[in-house]
Each structure stands twice: as structure tokens, then as C-alpha cells.
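Each of the next two complexes has chain A plus one other chain: chain B in the first, chain C in the second.
Coming up: the complex of A and B.
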């Protein structure tokens, strides 16, 4: 996980409690709402989302993965993914 | 095949049924929708090696997503991008990590007329599936081989007159507790033949839960790379120790080399639980403690000693590398006399110590970096949660010499070479 500097975002997707593939599906839908340059934050509880967003970002041509953070919330781990729309 | 009476459950295959089919030699075509690196690290294998497969990560399959119609989007993607890569005839087994996404992909493929079936629970369930094969059911001794098929890990439950000993249990305790209950047996001891590097031992927890001693050789109570003592309770195994259960007994042979405290166990003078020494196709590697060159000569002498046991001794190893190593009964076992001729790692013992050490050290497959951490877990130095434990254990064991993994034309098998730890 990258450094924990606060990152500004324009839209957030709540994927807490959702299992694969829904964090990616929700993010794909939300990216449509954004303009190039804007940032989407996805909040997931599925640990598998870390690698999946990395893999997805490698092949996708319309966004880049800015950062991934791991934080605690009420005793459970949250995985925060920051995606910047590029096209 | 398709008919109105079929329900969703007709399109699911569980780990147990898949194991039976793979053992029987079936080779379903696989569509694996996990990450590319996960696929490359660990994939489904049939009797003779990896199944024919297409890897298409699911997260690339949502380009045509409209609204919430996930299955529709997957079907459109498959129609435009996958049809030339998938067989029209025959079954397609769709797999992912946990079995949810692959279920949706399988539904999408069925809309297009494919015979697509989902691996229920995904690779996680596959990796955590154990089955027990009956090796011996005599008046005095019942011996079962616990097979963790996906990882190639073998463990044993030996029962005599209602008393049981469990050897090298995996970290999931329920399969062992169920066998003990089914057989009406009371556990009296848990033994690890050595401190494992490839999987997390269930030994300490199983022993603690049932209030019986956990045995380990004291040399393996020290982490070989950290040089730190284990933080767990165990009783000492030593050369010549005997552990009785019912009217049977386990006799301990100290055979250092794979680890310094490596042991093999003789059950009733007939069965040799070799742990990580002699496997069916190969022998154990000497380098997982980070001391391959120093330990290779000791390993050679230990292997020699075991190879000189009576030829009718039945070898029951701690690992297998390929399903094809199982005999016609689905059990990973061979008579020692036969292995002396057929197992390359044993036949080469004749060439003498110097040549053998060269052979060992030139046959080392990759050193998975998580093996150092797994040894910490097994020494009680690190206590991972379930997700971390599952991640550490991902994939098939790599405890044998490199030859054991060949024969599949390098289809995603470990290819050896960079022993860089």
C-alpha cells in the first residue's frame, strides 16, 4: 500500500460488504459519471480488491490508479482505492 | 444437456466432485477469470499437469456494462472477445478466487450456448479442500491419508483400538476432527515430522484443542533463518522415540537434511511416513532453511539411511507433485523397493555423496519468498489472520527437487533457477 497522504476525491463508491466482482462493477459505473482528471474513491472490505484494482488499472485505458490505502474502521479493514479518470 | 428442469445447482461443481474427476483423468477446459499473476502462480491441474486454460481477468470484462446488467455485460464481452478462445464442444469450467464472479461469467457463457460450469467456492475452496483415503484397515491398525489435493499436502490419521495419532495436519482442523468422530477415535498425540515451510501446520492448535501433546523435533523449534526459538509448547521427538496408540506404535527416525529436525515415522514396522524426505517421484530439497550447501551432505546420508529400510516398507510421503503419482486406489504410496528403482532421487544415491550433492544443488526449484514467513507462523512467532494465512498458503507446495514439477511442458509450472533467498 502506498503512503497515507490524504487524497482529494470527487466521487465515492461505497463497496463495503460487497464481494467480487461488485467493487469493480460499481467503480466501472461510477467512472462514467466523472470528467477526465476527476478522482473516484472506492471503499471496499474485500481484500481481493487490492490486487484486482491493480490488475485492472494495468489494462484499463481510461483511468489510472493513484493510490491504495488500508485503514481500520470499527474493527474491520477497509481498502481504499483512488482512481483518476484519464479519458 | 440444457433442459427446463435444470437448476442453478446443476451448473456448480464442488471441490470434492472436481477432485474425483481430476483424479479419474478428466481434463475439463478452464476459463480462469482471476488476475494474471494469480493464474500464473497457481492453476488447476489434472493428473498430468495444468489443464488447458484461458486466463481472462474478470475486471477487463465490463466494457459493455449498461446499468446493473452484469451478466448481460459479461455475455456481450464474451461474444465479442472470447468466442475464438473457447471450445464450442464440451464443458468449460469457470474459476475465480472465491466462486462468485466465475458464477456470473458461467451464466453469461450459458446464455451464449456454452456448457459452462462454475467451480463453487473458487480457488479458495479448492485450496482448502481435504479428502481422506483409506490406506489400511486391519484388525489392529487403521491408517488414513489426508490429501489436500490442490496444494499437494499429505497428512495421516492412524488409529488403533480407538486411539489416534495425527501426523502433519494442515491448518484446517475440521477435516481431522470429523474423521476422528466418524471413526469413534480419541486423539492421543499430534506429530509434525518437521517444521513446515510450505503450509501452516494445524498441529499445535489441534493438540491444544483436544488436550494432547504436540510433538516436534527440538532442532525444528528454532527458526533457521531468524535463529529465534519457537513460541509454542511442544514435546520433543528424538531418534528412537516411540509413541504408542492402542496396540500400535510410531517409531521416530531422525533424518536431518530438509530441516535439521526432520523426522520420518515408522508405523508398526510396515509404513514409513516419510514427511519431507522421500516423495513418490522425487526427494525433498535441502535448501528451504537457507543452508542448502551445508545441509545437502546430511540430507544425502539421511536419504541413504531411509533407502536401506526393507524393500516391502510402504512409503507414505508428506507431499505429492502431480496427481498422477497416486496409485489405482487414489492413494499416494509405493513400496520402498520399487521407489529405489523408479524414484530418480533414490536411484541416484548409488552415485555416491559428492555426485549426489551436486545433483541436489543443481535441482533446486524457485524458493517461494513466503516460505520464510510460513516457518515463522509454524514456530508461533507470527500469528496471521485467516485472510493472511490463506494468502501465505496460496498455490502448490514446492518442497521437492525441480524434476518433480517437469513433464507438463512448462505450462505455468515452477521452472526452477532463481533460488535467491
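Coming up: the complex of A and C.
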């Protein structure tokens, strides 16, 4: 997890309560809506999503994983993923 | 062997002069281009090829989690349904046109994904119902949702023609948009795929 600096984003995907593979699938669908340079924020409760986004970012050529944050909300952990579309 | 020949011709091209050298060089480039094209046809692409042989709910589910995940990650996914796996892409059951044994088989096998059992602790379908309930509680997408999603993401569904014939399953019993093929179709995809799975 990188330092918790506020990152500006253009679009947010709410993947709360969704489990594998849905956070990744929702993110892919949302990325289609973005222009290169824009940032997508994915809010997930699925713990596995941290590694899933890292794995995806390794093989992807059209976005980069800017940061991943972990925050608390109403007693549960939220995993925030910031993706910047590159192409 | 081929490399040795190449080195030799590089040496020759290097020492040749004038018009003869230029045409020889052009020839060499042409050969190299051919070689590069040959090789690029053998490099795996961002593809996943899957054989879905099983008709167990848990296994088919795993296949579709991988398929949708891979498609979302930008891979081209092709799923080949064969034998028991054909139950996953069935939309119904018709007995007309089947011989006795095919009818018996049809009567005893699921007519759609709703009838799929689990590979362990099935207890005549109780296990499958429990698994579905447990998945729902945990917010996991159902098999039907994942399949719908797979279609949206462009996952190709190919039915094994041979199993269809053996089991007497007509095209009309399968979901819309299913392609038909055989082992050649699968291998054609699998040989170019980064990942090939048998489920």
C-alpha cells in the first residue's frame, strides 16, 4: 500500500460487496468510458482484489495502477484502487 | 543448421560489392522477413482456451470465473464445451429425434445450468442448492450471471460437434450464439493461447 495522499479521479466504480471476478470485470467496463490520462477509482470490499489488480496491471498495456489504499468504513475494510488509462 | 547457413550468407553479403551485393542484401532481407513472419505466427497471443468437459456446477463455475476474469483483463477467451460440459450451454431438452439410449441419457442429465449438481456432497441436488445459497450470501455472482457476463465480454462458446452427435443433442437444445467445432478448432486456439485449461 502506498501513502494515503488524496488522488483525484474522473470516474468511480462501486464494487462493494462484489467478489472475484467482479471488481476486475466492473473496472474493465468502466475503463472503456475513459479517455487516456483519466483516472478510475474502484472501491471494493473483496480482499483478493489487491492482488487481482496488481496481477492485471502487470499484463495490461492500456492502463497503469497508480495506487492502492486500504480504508475503514462502517467497521469493514475498503480497498481503493486507482487506475490511470494510458491508451 | 539453419543458423549456420544464415551466418554464412551474412558473411557473403558483407564482402560482396556493387549491384550484386545490393540484390543479395535484398534477398537476405526478404528471407529474414519470411523467417520473422514464420516465428510471429508461433508466438502465443493474449488468448485463453478452455475445454469444459465437466458438467459439475462447481467446476463449470470455476471455468466461468476464469473466463470472465481473463476477458476483463483483455484476453480473448474461447470455451469448448464437450461431453458433460454440454449441459452448461443447454437451454432445454427435446426428446424427439433421439434414439432409446440418447433419450435415457437426456432424461438423466440436466437440461440447463439450473440442474447442474456439485462434484462432491451433491445428495441428489441438495448440495448444489446449498452451494448456490452460500454463494448468494457471500455476494458471489451466480453461474447464470457469470455466463451472461461472459457473453457480454465477448467470450466465444464452442460446442463439440462429436459429443453432440453421440449424445444426440440437437443444435436447438443449445443456447443461441453457440459455435460448432471439433478438436481442430480447439487446438487452433490452444496452440496460440498463453493459457489452455481442461476443466
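Quick note on the criterion: the second predicted complex is superposed on the first by the 87 of 87 C-alpha atoms of A that agree within 3 Å, B and C clash if a C-alpha of one lies under 4 Å from a C-alpha of the other, contacts with A are read in each partner's own complex, and residues count from 1 in each chain.
In this section, a contact is a pair of C-beta atoms (placed from the backbone, for glycine too) under 8 Å apart; a residue touches a chain by one contact, two chains touch by 3 or more.
Keep in mind that this is a model prediction, so the values were computed, not measured.
In the superposed model, A:17 makes contact with chain C only, not with chain B. By the document's definition of touching, neither partner reaches A:86: not chain B, not chain C. When the two structures are aligned on the shared chain, A:51 is found in touch with chain B, with no touch to chain C. Residue overlap on chain A between the chain B contacts of one complex and the chain C contacts of the other covers 19-21, 24-25, 28-29, 52, 56, 59-60. Residue ranges on chain B touching chain A, taken from their complex, read 35-38, 57-60, 62, 65, 70, 96-98, 100-101, 104, 387.
On the chain C side of its complex with chain A, the touching residues are 46, 65-66, 68-69, 71-74, 138-141, 149, 153.
Note for the complex: chain A touches chain C at residues 17-22, 24-25, 27-29, 52, 56, 59-62. By the touch criterion stated above, chain A contacts chain B in their complex at residues 19-21, 24-25, 28-29, 47-48, 51-56, 59-60.
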